[in-house]
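Here subunit A shows up in two complexes: once beside subunit B, once beside subunit C.
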Partner chain A sequence: MRPILLSGHERALTQVRYNPDGDLIFSVSKDQQICVWFAHNGERLGTYRGHQGAIWTIDVDPTSTILASGSADNTIRLWDIKTGKCLKTWDFPTAVKRVEFNEDGTQLLGVTEKRMGHMGTIVVLDVKIDVEAEQTDEKALTIVCEESKATVAGWSYLSKYIIAGHEDGSISQFDGKSGDLLYNFPIHELNQQITDLQWSQDRTYFITSSKDKTAKLISAKELEVFKSYATDTPLNSAAIAPNKDFVILGGGQAAMDVTTTSARQGKFEARFYHKIFEDEIGRVRGHFGPLNTVAADPTGKGYASGGEDGYVRVHAFDKGYYDFMYEVERERANKLAAAAATAMA
Partner chain B sequence: EDAERISSADVAVVEARRRQLLDWYSWRETTEEELIEERLALGLPENPLAELLKEKTAEVATVVGEAEEQVIE
Partner chain C sequence: MAAQTKHDWADDEDLEETTAPTTTDLPPPQKIQNKDGTWTIIEYRYNELNQKVKATRRVRFVVRREVVNPRVAERKTWAKFGDSASDPAGPATDTTTVGENIIFRPSVNWRSEAKDEANDPNAQAMKDKLRDKKVKCRICNGEHFTARCPYKDTMAPIGEAGAADVAAGMGDEPAAAGPASAGTAGPGKKGSYVPPALRAGAGAQGERMGGKYGERDDLATLRVTNVSEMAEEQELRDMFERFGRVTRVFLAKDRDTGLAKGFAFISYADRDDAVKACNKMDGFGFRHLILRVEFAKKAQ
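Right after this comes the complex of A and B.
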């Protein structure tokens, strides 16, 4: 199937996200715009205006009512998804690089940038998923990252842990309530920053991507590294496909870092790896620059990628994607089907 | 002889994959069970997203109901 090209942004994409129903795609870019699109046809529904700087991050609450965004203008904003109205602005001393709602939409975390005189932090805000409600000014929690700044962070299942990925290639596990640091492990190459952290649907495990050209699959509770996906290019983003055992990786060398300037050198492709066997199983071309962000449709119908080239590309999976199976997977599927048939009889 | 060597290498690969698949799905099974137990112990629904969406749909339904009542009056 042909991909849908979403053109509306004027500068590099920084993050794309689906809502939980998979019918809307939200995108943010360095052009200071937040856009919302219909996932099935790529029609732009609208934009959310107000930020005064590059927007680094967005997230949608679980009921698709409120949108949160974080920007280089040192604010986190909440938006009414339907009307586009800005509901709340929180000010910080530095840029906000990542926002994420917890699973029930009662709390929002924000990762703030490190700068002269300011440590990088992870803040937690109590939020009300109600466009009429007054939102609190107070922070519920501030975690200061003294060792290495956090570049990404997210909430585990039951909001038990906050997991952060750091500039030095390590990950941290914090208690979700107290903010106490429980563990910090180096998982990617030293000082190769972690560029993305995305969850499985039940938030019991997650995937990280790094400039060290690998992505890793890790459990939220024990921080066990289950799988490692080795590529040949620095990675900016990684997502877990919901209903197939695949992961989707995006990256590519920035033009200024490539000595010979050819698109092929940059390797601007989305890569599919088998989640369990760690093999590369396919690539999708299209972008003219590195892929800065990839997102999997939570209903399993497709995926979206956002590029340094200013485009969002939305791909619907075809039959070959759903049919693809290793022999041992087919064997297991047959066994399960046989067991189910016996149980029925 | 070559064919035999290849096929035994294939068998090893397939065996390794079978093990990987088994390990992964047994981890998933235990984790899913633990998660449901933990949720129920906390008095939370098994599937938080489904519950939240149900509440939202219920709200919309109430609002629509009210509007209809007004029209009838």
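Right after this comes the complex of A and C.
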């Protein structure tokens, strides 16, 4: 496969996201710029200007109408995807590290940093998916993380729970309506920050990546760890590939050590693990720095990765990717096909 | 023509040349539909040598229908905005490039395959190097390692003794077993380090450090092996005095147990006596063991 290199950013990428239809890619970086790209050919549709600081996070609503971004300038902004116009700005006392729309796009959560005497919080905002509508200033909910600040958070299926990953390696489950803490489990190694949290398509389970060099597949309801993927490098991001039983992990050594090692040693590769068998099945090289973010195309045709090197690389999978099956999977498929044939006869 | 209203004076001639003839001389392009559904398109143009060129192409038009998500299709018509507002349609070269081809084929034993690939060149080179090398035993020249030689216990010391004797300049010693093995282990062997004293041209009596026992005449020293543990120096002296005057008897003993280690050196004042003793005492039964007597290796 020949990846498409998107070089619209001058600094390290912080997050890359596909819209639900998989035709647009949104990328944010520390250079205060949001870019939107067509996934099929890498053409840049536009940029969204307005943030005054590094942008940490971005999310797009389910209908691909509005865009939310969180930045180190202590704001969450809403944008009109089509025109690049800023629709709304919410101010916070500290930087915003993560935003995410819920499944139906009625609410937006934001994770704020713990700094300058302010506790880390998770805020929930009511939003209207309408470019013309007046957005409310009121916060629907504020969850204060007293123990350890949240680094990532997301909405489970039906907006039932808010799942948060913490700096100390634990995962919390909050009630999506009341904001009450239901569970808090130490899932990753103690004091190894959770760097990413991404959902399966139906939002019943999610994958977390951590600095403790593992990624884990966890159920949203019981916070049960289904699978664990061990690697040899700190992980910055993890995504679940749709259609195939794969997960994509991105990482690499810490950015501060990058200049002292070669690209090979730095392990700046996207790693593919089999979701069920937990085996590593391949790597994709290309970045010159650690991968800060990976995103899987919701249509399952490819994935995009954003690196510390300032590039977004968009990959479209080859035939080998679709054909790959474990021996047991192939046997099962053959057996099912045979059973179907006999049932027809 | 819109371009002609704003053309550069430098382009003047070119424009006249290219635009003028096309409008006048060239026949109009033809488009003919064939029976099998293809089209034949005939066009005329001038090439750079100003020759008239007729180009005939046969074209088949195939309609491929692709179902596209209407939302996606709608978004493709959106106007660019922000920093891309002035970009023309299609990917802009300053922001979008195509990377080198990457081979990504998921595989169960991905790790071992990658390792094979990495090690392959070295392993192959080593194999090539060793292809026409054969394992050769230093004892019997057979195709096995010396340590595996079936004659290891019986033949090895003889060969080495022979080599040592030759090195020590024992010309008159029957050295039937010597030369063959000496050729491999001796100073003639290429590549291995040869101490200066053994190099060709170095005198047999080269400069030598004075040992513990001063200047000793190695030429008249016998090495006695397979000596019983219970042996005493005096016993050996008594046995070897019979052939001539013995200047020194050294029996190696274990420092802790005081038992003999199984070998001794006997030095004679006269070399002829030593030769005599060597011949007579080799194979002599002493305290349930059979002695082996040979000339000592030159001190190194």
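Convention: the second predicted complex is superposed on the first by the 333 of 345 C-alpha atoms of A that agree within 3 Å, B and C clash if a C-alpha of one lies under 4 Å from a C-alpha of the other, contacts with A are read in each partner's own complex, and residues count from 1 in each chain.
Simple rule for what comes next: a residue touches a chain if its C-beta (ideal position, glycine included) is under 8 Å from a C-beta of that chain, and two chains touch if they have at least 3 such contacts.
Keep in mind it's a predicted model, so treat the numbers as computed, not measured.
Visitor: In the superposed model on subunit A, is it clash or fit for subunit B and subunit C?
Guide: fit
Visitor: Counting residues of subunit A touched by each partner, does subunit B or subunit C come out ahead?
Guide: C
Visitor: Once the shared chain is lined up, is A:157 touching subunit B (first), subunit C (second), both, or neither of them?
Guide: Touch status of A:157: first partner only.
Visitor: How many degrees apart are subunit B and subunit C as seen from subunit A, counting from C-alpha centres and rounding to the nearest 10?
Guide: 100
Visitor: With the two structures laid over each other on chain A, which partner does A:8 touch: subunit B (first), subunit C (second), both, or neither?
Guide: Only subunit C; A:8 stays clear of subunit B.
Visitor: Touching A:65, do we find subunit B (first), subunit C (second), both, or neither?
Guide: After superposing on A, A:65 lies in contact with subunit B but is clear of subunit C.
Visitor: Which partner chains sit in contact with A:117 here, subunit B, subunit C, both or neither? Use first/second/both/neither.
Guide: Touch partners of A:117: none, neither subunit B nor subunit C.
Visitor: Between subunit B (first) and subunit C (second), which does A:326 come into contact with in this model arrangement: first, second, both, or neither?
Guide: A:326 sits against subunit B and subunit C alike.
Visitor: Tell me the contact category for A:280 with respect to subunit B and subunit C: first, second, both or neither.
Guide: second
Visitor: On the combined arrangement from the superposition, state the nearest Cα-Cα distance between subunit B and subunit C in Å.
Guide: Checking C-alpha atoms only, subunit B sits 7 Å from subunit C at its nearest point.
Visitor: I'd like to check the shared interface: which positions of subunit A are touched by both subunit B and subunit C across the two complexes?
Guide: Shared contact residues on subunit A: 326-327.
Visitor: Applying the document's contact rule, which stretches of subunit B touch subunit A when the two form their complex?
Guide: For subunit B paired with subunit A, touching residues are 14, 17-18, 20-21, 24-25, 27, 31-32, 35, 38-39, 42, 44, 48-49, 52-53, 55-56.
Visitor: Write out the stretch or stretches of subunit C touching subunit A in their complex.
Guide: Touch residues, subunit C against subunit A: 69, 71-72, 75-76, 78, 80-85, 87, 90-92, 94-102, 104-108, 110-111.
Visitor: Okay, in this complex, where on subunit A does subunit C touch?
Guide: Result: residues 1-8, 21, 23-24, 33, 37-38, 41-49, 64, 82-84, 246, 272, 279-286, 313, 315, 317-318, 320-321, 324, 326-327 of subunit A touch subunit C.
Visitor: Would you mind writing out the residues of subunit A in touch with subunit B in their complex?
Guide: Residues of subunit A touching subunit B: 20, 62-63, 65, 103-105, 157-158, 202, 204-205, 219, 226, 245, 275-277, 326-329, 331-332.
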